[in-house]
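Two complexes follow with chain A in common, the first pairing it with chain B and the second with chain C.
Let's look at the complex of A and B:
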């Protein structure tokens, strides 16, 4: 079975796609830093951040609808955390309701925090979507490695990338096998629990076999790699340009 | 002829008590191609894992004149290429390049040498141009070829390969057999595919329940239907 839900559209060839993954990683990180550290009252700054990211998305030629859909995926999580803030924050009351025995009131400052959390999360996720849909996962890993992220973590990520799909296939096969034998009856909790157990054991044993395959090719616990990324003028220009834009936005508004 | 692999009375039990190998003695010479055949669970994979010290029991394995033990492991593993039964275990890197480069990088080659090794290895298995593909997007046949390339990129003297033709369609199977035929090194092949054994090997060893039950010239074993049937390698009615 084939999957590519992790780095869809990363095969493109736009200006953004051609940037060095390190440039993209660092600028994304800077962007998120800038967004999260901007005080909620500076709303024009957020407008500018949005414009910046929109321009880059446009340049990357990743379909807008796809980006929008993906960015909405995190909203439930953000809302789940942030939705209660307006009720608990102290301050001027914007509205007050009686729900059964409870007296609930919403404050203006609370609403502002809610809005602020949502917009910051959304802008950050947009930048990450831009990053992942213009960079192949493998180059991303190389980038992380060369930015001196600990080797072990890069290895873990790369195994995740490699075996996620194998695991998904395994789950699908197990599901098919189960469904073809349970004759339309309700699924039982026990079957599901057994499947999870089996999956765990299978993954564990696969881990052992993969490790054996690594040993067989001279692995001795030390991780070695080749350098093969190129940091070009384009990257330098993009990096400084984008960094300046962020700093100016932060200072001016 | 130079003796290249020597097993003396090798026995092995898995930690759960399952006895997988019993009193195995084999000598393999330079340039031989040996098929190890046996039904499922006969102990073929277990035997192969002893040839480069992934599994070890009692120090009775000698490869290229050196005993398989800690101080020789690195040396031995750089000369014995072990291809696992399941290519999904063999290919663990995000790209084909990384996988084929894994061994030469671990051998401490410099960057140019590594690239050279990867290119040649992929060419030898007919997979040039696949360097940046992800292993999980390859077909089974392509995975098997890349899996072989991952060991050809070392300075090999012995190729040890487990079930090279399982899950392959006839066309891919025969092209893989041709590929293996063209590799001028000592080969140890575990399989239950008798056609493969016939096409590639002059010598065949039959395993059953962890014991060697026959070790002879290929045609003598492959023509002995009674023997094959008795050990689960041919239909029983022939016997």
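Let's look at the complex of A and C:
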């Protein structure tokens, strides 16, 4: 397997790693909600949100450079918005440029929208990276189940997580086989379609085999596990502390 | 098309979350009734399939590449509600593991790529098949039309949400999103058609599964 990139660093042992997954899920959700609902002009609030995340990142001992690299996934979407900025005609003009035939002007309101969207998206992504780098996916699912997510979905997700690696390996092998046959030339649409079709049939048959094997071992639609989640004093302290910090930031600034 | 957090305003987030929660809740109820929780392993492996299939990029005009959403394919093979369930799980995992799409924006993303894409893909496919009659050709054309429509309509829904949130004016974001995805949709359509033709040739019985 060549893909340990999923929930990297989640096996660590720090104050943040030891928190209950439910605490982390709810605080992340609250954090994103607070960030999203803050008006764009309140820039001190955003600075405080960033400091909060930075403190938590420091406590969790997840490498900052890794987090920074991962947080760039929003870039394609930011670019999508960025190209629209010149079209915000109303408002005070910040700068006007002539590009070939077009008269393009950048307005303050357009820049404000960009800043608003980028900072909010970036802070939210940072908090999500923190959540998944400090929590194993299986405990995250356990937490989601306790928070009343439908059981079918939790089970589909947990099967998906287990077989994802097997199927990704399958895809890698198919890619290698394809590349070694056509000497790395540009692949054709038809080849990709056939690969996905083969992948579907193989996945389906694997699913049937897994299901039959589980039935043979007495599966009755119920999953039973030994590990229990525990909501401790640490979680209560962390939850109230973080919640208060968010509320104060939202009210004061 | 995965919307990150921070792009949508609170009203849009609340509305799309409510609609998606209702849709997914209904999908769970229908799946429980028609499949029983026993077929869950199969659904899980198929969700992993969509996830893995999204890793295979295909070339689009101009040197860019896209990847399948897969909602139309899942809906044609398993039925729209099963597809809503599978796509929701894929999107939740993408948001949590890869930060591809936000947590609060999950409502909007499930609505676009789960509900809108699954239902439009499925019913466009059925429409084409019922007009042209049940044949290999009609199924392939239906697959193409369904997949193209699912990508196109999902991008329109995405553009509407962005415009309603005041991120950019509708007159700009709608043609841009819809235009780009009309092109990506052709790729998705060709891939979906290709997959269907392979499945028809090797395991045609899989297309006769009971749809939910």
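Here, the second predicted complex is superposed on the first by the 218 of 253 C-alpha atoms of A that agree within 3 Å, B and C clash if a C-alpha of one lies under 4 Å from a C-alpha of the other, contacts with A are read in each partner's own complex, and residues count from 1 in each chain.
In this section, a contact is a pair of C-beta atoms (placed from the backbone, for glycine too) under 8 Å apart; a residue touches a chain by one contact, two chains touch by 3 or more.
Just so it is clear, the structure is predicted and the values come from calculations on it, not from any experiment.
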{"item": "More chain A residues in contact [chain B versus chain C]", "value": "C"}
{"item": "Contacts of A:159 with chain B and chain C, given as first, second, both or neither", "value": "both"}
{"item": "Which of chain B and chain C A:70 touches, first, second, both or neither", "value": "second"}
{"item": "Which of chain B and chain C A:201 touches, first, second, both or neither", "value": "second"}
{"item": "First, second, both or neither for A:214, with chain B first and chain C second", "value": "both"}
{"item": "Touched partner set for A:167, first chain B, second chain C, both or neither", "value": "second"}
{"item": "Interface residues of chain A shared between complexes with chain B and chain C", "value": "137, 158-159, 161-163, 166, 206, 210, 214-215, 219-220"}
{"item": "In the complex, chain B residues that touch chain A", "value": "49, 52, 54, 74, 77-78, 81-82, 84, 86, 88-95, 98, 101-103, 105-108, 111, 114, 132, 134-137, 150-151, 154"}
{"item": "Residue ranges of chain A in contact with chain C within the complex", "value": "6-7, 28-29, 32-33, 35-37, 70-71, 73-74, 77, 80-81, 83-84, 87-88, 113, 116-125, 128-129, 131-132, 137, 140, 150-153, 155-164, 166-168, 170-171, 175, 186-187, 189-190, 192-201, 203-204, 206-208, 210-211, 214-215, 219-222"}
{"item": "Sites on chain A touched by chain B in the complex", "value": "2-4, 137-138, 141, 158-159, 161-163, 165-166, 206, 209-210, 212-220, 224-227"}
{"item": "In the complex, chain C residues that touch chain A", "value": "2-10, 13, 24-25, 28, 31-32, 36-49, 51-53, 55-59, 68, 73, 77, 85-86, 88-90, 92-93, 95-100, 102-104, 162, 166-169, 172-173, 176-177, 187, 190-199, 202-203, 206"}
